[in-house]
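Structures follow.
Heads up, the next two complexes both have chain A, just with different partners, chain B and then chain C.
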Partner chain A sequence: MNMSSLVRTGAGILMPFLLVFGFYIVLHGHLTPGGGFQGGAVIATAFVLLMVAYSYEIIWERISLEFLKNTETLGLMLFILTALIALVAGLAFFGNWLLGAGGLFGTPVSYGINPGDLNTGGVIPILNIAVGLDVLGAMSVIILTMLFAVRRDA
Partner chain B sequence: MIGMVIQVLTLSGLILSAGLVWYFRDLLSAAISFGVFSFLLSMEVLFLQAPDVAIAEASIGAGLTTAVFIIAIRATQKVTEADGE
Partner chain C sequence: MKKVLTWIFVAVFAASLLLCAAGLEFGAPAYRDMDDYMIAHGQEETGANNIVTAVVFDYRGFDTLGEATVLFTAVLGIGLVLRTLAMEDEEYEYE
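Then we have the complex of A and B:
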């Protein structure tokens, strides 16, 4: 059964703002408070808001359990591959092989007080994105499995 | 001084909302009151200058845990005393 029209409209209005805020926390993880785990939890909250507001049949048609599982697997693979490439590059495990290279996330950090540059940090933003994908998939899978288990008339 | 007043108000709200979770007989009201408790806890952590923990507490405590309770409550049926259980 659906929740009331008020709850459904409120969830629809809130969801895009929650998504933007969550991806902001993930992408700025190396500059501002928060990081992969907090941002992934905020994004998962956006999906869970829809699962609470709408009925079982609508969620079953539109949100795929396999897609969320694949998201979690993609995050874990990205995390471990980033750590293993450092071995190929001749550094230690989890070595920062992108730092100072000048390309993606490779700008050297300027000295002194500055507002912070998004294109710094080397491998750290990539690890943040990987953890964000992992947490987003895992938490959504937990709630979605619970919703399917109690589907009798919920 | 103003920080002291805000912290006392927040901690009083924490105790009040925790008492309301115990007081309410309606399960949905108790779940919403628990969400308010988590929100006030994240505000208190923010006042103690730990915004990292505050974001995690607000999203997991006030968002995901309340959603788990609401999904579980939607699967139950309301039994009134007139039905004789």
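Then we have the complex of A and C:
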């Protein structure tokens, strides 16, 4: 079942913007409102928009369920691994072992009210990305699988 | 009769809730030591400008871990319950 070409064109135009917006929310989780969970939900919404606009079979050919499941597992493993490395660094579980260490996300944060720098936050951006991958995979898998059951009954 | 009873119940319920809320002072929580501490020390302790993210991913990291696990369990359950449907459908295609 295809929607009208107006809906399909609109979905095609909106899709990249939704993806960019979702990844922006995930990456800037330690600076602006939002974070991994919200950004992952926005990205999953982009996939749902494609599912609504286009025929079901086309989506199944383009987006592999295995890929989404692997994304979900990868996110969860990255999350736990980042938390575990803190133990190696001599901190508590979930300790911020990258804070102020230089390099990726390691710039010391300037105190007080400031617009913020993307390259700060230590492990918090990494945890944000991990949760974003987790939520993106999980929500997409749940919606895709439920849609599969709905289509079978119809 | 049933409809009238429903509306009476809703009215009583809403009135009791509003009565409780009427005595509250909004914007002035009684216990705010934790809030003040996080706002004062959040940036230097976690390195995040966003206090909400600092709370969710640093002060209460275990909570976020549990949330991620809940999502994983949901996917696991969905896969277990609906997997047979998907496999049956594939068999139909092969016939």
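The rule is short, and it goes like this: the second predicted complex is superposed on the first by the 149 of 154 C-alpha atoms of A that agree within 3 Å, B and C clash if a C-alpha of one lies under 4 Å from a C-alpha of the other, contacts with A are read in each partner's own complex, and residues count from 1 in each chain.
Assume a residue touches a chain if its C-beta (ideal position, glycine included) is under 8 Å from a C-beta of that chain, and two chains touch if they have at least 3 such contacts.
Everything quoted here is computed from the prediction, not taken from an experiment.
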| item | value |
| --- | --- |
| Chain B versus chain C as contact partner of A:Thr45, first or second or both or neither | first |
| First, second, both or neither for A:Val141, with chain B first and chain C second | second |
| Chain A residues touched - chain C or chain B, whichever exceeds | C |
| Which superposed partner A:Thr120 touches (first chain B, second chain C, both, neither) | second |
| Which of chain B and chain C A:Leu31 touches, first, second, both or neither | second |
| First, second, both or neither for A:Val88, with chain B first and chain C second | neither |
| Touching partner for A:Leu6 - first (chain B), second (chain C), both, neither | neither |
| Shared chain A contacts, counted only where both chain B and chain C touch the same residue | 33, 35, 37, 146, 152 |
| Of chain B, residues touching chain A in the complex | 51-52, 55-56, 59-60, 63-64, 67-68, 70-72, 74-75 |
| In the complex with chain B, residue positions of chain A that touch it | 1, 25, 33-35, 37-38, 41-42, 44-45, 48-49, 51-52, 139, 143, 146-147, 150, 152-154 |
| Residue numbers on chain A that touch chain C, as the complex places them | 29-33, 35, 37, 69, 72-73, 75-76, 79-80, 83, 93-94, 96, 99-100, 108-109, 111-112, 114, 116, 120-124, 127-128, 130-131, 134-135, 137-138, 141-142, 145-146, 148-149, 152 |
| Chain C - residues contacting chain A, complex | 43-44, 46-50, 52-54, 56-58, 61-62, 64-65, 67-69, 71-72, 74-75, 78-79, 82, 85-86, 88-89 |
